[in-house]
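Same chain, two partners: chain A is paired with chain B first, then with chain C.
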Partner chain A sequence: MSIKTEEMVLNMGPQHPSTHGVFRLKLHVNGETITKAEPVMGYLHRGSEKLAENFIYTQFIPYTDRLDYLNAMTNNYIYCAGVEKLLDWEIPERAEYLRVITMELNRIASHLVWWGTYLLDIGALSPFLYAFRDRDICLDRLNEISGARMTFNYMRIGGVKWDAPDGWIEKVKESVKELRENIAEYDRLVTGNEIFRARTIGVGKLTKDQVINWGLSGPIARGSGVNVDLRKTEPYSIYDRFDFDVPTREEGDVFARYKVRIAEMHESLKIIEQACEQIPSEGDIIHKKGARIMMIKPPAGEAYTRAEASKGEIGVYVVSNAKTKPYRVKLRRPSFVNVSILQDMLVGENIQNLVAIFGSLDVVLGEVDA
Partner chain B sequence: MFRLLKGFGITLNYFRKRKVTIQYPEEKVAMPERFRGIHRFFPDKCIVCDLCVKVCPTDVITLTGKKSEENPKKKIIDTYNIDFQGCILCDFCTEVCPTDAIVMTARYDNLSSFNRSTHFKDIEWLTNNHAYGYYEESEPAPEAGRRGEVK
Partner chain C sequence: MSQEVLDLVVEKVHGFLGEEVLAFEEPEPPAEEPEEEEKPARRKKPEPKVEKPADLNFGRPMIILDSKKWTLELAKMFRDDEELQFDFLSCVTGVDYEEHMEVIYNFYSTTKDHYLYVKVKTPRDNPSVVSVEPLWKAADYMERETYDLFGIDFPGHWNLRRILLQDDWEGHPLRKDYITDKKALGLD
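Take a look at the complex of A and B:
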């Protein structure tokens, strides 16, 4: 006797705890196998690119905080770097170091959120608490220098807003030691765990071709053996002065992405440590014209800059028509590009693996919808 | 199986380490000096230059000035309102203020309410929003210094 089966359409989201935001996934399922997946986005759309056209250049910086709110420093940086490229300004040495230290601290904080919430998604509760304890160390340091815990608004066109407070660099050095111990502990706590390994090894495989064809970047690409890290391949800011490795894995599964991110946190700690040693003890922190934020007026032209955010390659394209407001700002958001792989990657997967795969992409919905 | 137990070992180890939890409503986190909290306004310092209104990305500041009675050439502040429904606490208003008439306190917990209209704060509320830089209310209200060094 044959049983009549039919395809079922299942909506995951827009309110679903493992999407970390408002994201809807239209799934066509045959039994437990996904036959088609269609990401529906735009629930958090705020029109950031259009808003930028009505702002003077500096006013848009707090809005870049709200793209990828877990890694706001790099967003701040890349927008400022885009405008600086138009202006052709030289950034003071100390400002560059402060930028690098804050960006790398923020990268660790972002990866820690991923680490905690990903394990929460696949059913482990306590790692979340460990991750947020350590993330708080990073956020405290960033709070002391920028005055906010997530939406920093710290960079300015031509430099940074505030110099480091007294003793901040020493505090960062101590935090690095503490974080290094704590992150090493994660390996003992989770990485070796048999249940975790069974859940992640071999799940959600991405081939090198898929990564390149879909334009993926960040830890997802490096987990599939694509050795691309803009800090190394196209050093921006002062990244060419530091000695660090780019962790890559060949497997391309969820576990590989996990390992890449853990290794990346250690590399970031290495960069912070070196930057704290090399930072000049005093000096300007902003270009002499940058402090007058109402007066910034780049010459007509266009510039594209890109940087390595915690989620992947972030880019900003700024067009100026020699007025105080930008003519056009285009943002290349890594999460938006990375999330598009879902429609290709989920076909043929089990519905049980869906959350494990989706979580491993480390998507932030503020960035997907902009 | 061995690795699983190793993980449990780490968890057990934490019994003898210090606690990191903060019992929030009873115990409060002291924010650093630069923290961008709820604004405080000093009416006597304000010169009605309108810069904070111009720089505000969300257009939540409205102000009006009037002629000073002692010196007719000078303007003094009459009304000053911030609509905290839209304020993103970006700090641009304090950054451009030439006289530090508007500053940001380290306070973060006195805005929640049951009513949207109560988020509209007027000059009186903003002037009396003490607790500058510290959590506790201290008498007399501490003098506001320049936070950070760079403008």
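Take a look at the complex of A and C:
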């Protein structure tokens, strides 16, 4: 005897603990199988791009913090780099190193938040506590240099805001050692867990073609065997000076994305370590003009600049008309593009796998909604 | 290398369309004026930059097309041509230039490792640019966002609705003539 079922519409969100923000998924389900998924977003839309047009260039930097608030340093960087490209300024050596160290520390913090909350979503509570303990190590270092825990506002057009306090570099070196041990411990704690493996291996598969066609980037792309990391393929800042690998995996499932992120944290630690060795002990931290001029006037022109954030490719398209305010700022937010795959990959999936798949995309809603 | 990619793209586009839409005619040099009395030229006005339809922009190839020339077949050629292979659509955005509007596509080739900006010009009244969503699914949300914030129509898009703003929102905020006055919106 077969049971007759009929399609029903199920709303996940806008308030749902595993979306980590305000996001709604309109699901059409037949029994326990998803037949159609429709993401609904915009609850957190603040009109960042419109705001940018009404500010002078430097005033917009704090607003970039609020996009992907877990990885604010790269957002700061990409906006400043976009304007610097138009200005054609050279950034002092020491500033570049400080930028790299802070960006990589922030990447680890961001991946740790993902690691903790993702495991929380699929039912493991204690990893969350471990992850936040270690994330605080990163945030403490960032707090010491920038004065804020999450919304740093640390980068400036032409350099960085403040120099590292005395002994900061040594502290970072110690933190790296501590983090390296702890992250290896996570691997032992969770990765071999039978339940965790059963829930993630073979779930939420993405093929290479899917990844490229849908414009996905970051750990999601690398988990499906697409070897794209802008730090390597298109080295910005001073990333060409460091020796690090780009972890990729071929499987394309949730577990592969998990492994890529864990490996990436180790690579970030490597970069920080090398940067701490190479950093010049003194020097300017901001371009001469950047330190003096508040009203920056880039020459007329437009440029698209991109960088590798913890979620994927972050880009900024700045159009200048040689005035003090930008004519147009477009922010290419990785989460916004990555989340679009849901409507394709959830079809035919079992409803129990939904949270495991959604969580593995590492979406931050502040970034989706801009 | 970028110059070679640009030349290749121009050649391919001309071959495809059968007309030289990207050719650039050098503007005639201004007739020489009789030299004026020497004045201490304190501030030299920069020469206005003439926009070429095919040029390098910060080292990256960039072409400017009219929306009438921009078709799905041409886009398909960019993606499938053996020598171009622009398989990754990195960013789609719009700019309101007050006289006209532009939709800007940033392409990247993961196999060939090269870039291309395509700027598609469209008139400000009834702006419309053929959607590339059937070819690159990445355009799905980004074109919807451009529609939402600029009001540019993308014929061929499967689901062109507002995405960031609510469905009953009036107007398109990133247009330069959008009224941001709170009173006019009845919010004050």
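As a convention for this text, the second predicted complex is superposed on the first by the 365 of 370 C-alpha atoms of A that agree within 3 Å, B and C clash if a C-alpha of one lies under 4 Å from a C-alpha of the other, contacts with A are read in each partner's own complex, and residues count from 1 in each chain.
Here is the rule we go by: contacts are C-beta pairs under 8 Å (C-beta built on N, C-alpha and C of every residue); 3 or more make two chains touch, one makes a residue touch a chain.
This one's a predicted model, so the numbers in the text were calculated from it and none came from an experiment.
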item	value
First, second, both or neither for A:Tyr304, with chain B first and chain C second	second
Partner chain(s) touched by A:Glu144 [first = chain B, second = chain C, both, neither]	first
Touching partner for A:Val337 - first (chain B), second (chain C), both, neither	second
Which superposed partner A:Lys85 touches (first chain B, second chain C, both, neither)	second
Touched partner set for A:Gly315, first chain B, second chain C, both or neither	second
Partner chain in contact with A:Val190 - chain B first, chain C second, else both or neither	first
Which of chain B and chain C A:Lys161 touches, first, second, both or neither	first
Those residues of chain A which chain B touches in one complex and chain C touches in the other	none
Chain A - residues contacting chain B, complex	55-56, 58-63, 126, 133, 136, 143-148, 151, 153, 161-163, 165, 185, 188-190, 192-195, 285-286, 291, 293-294
For the chain A and chain C complex, residues of the former touching the latter	41-42, 45, 47, 49-50, 53, 85, 212-216, 226, 228, 233, 299-304, 306, 313, 315, 317, 319, 327-328, 330, 332, 336-337, 339-340, 344, 369-370
Residue ranges of chain C touching chain A (in the complex, touch as defined)	46, 49, 57-58, 60, 87-91, 93, 95-96, 104, 106, 110, 113, 117, 136-142, 145, 149, 162-166, 173-174, 180
List of chain B residues in touch with chain A within their complex	1, 3-4, 6-7, 10-11, 20, 31-36, 51, 54-55, 57, 88-92, 95-96, 104, 148-151
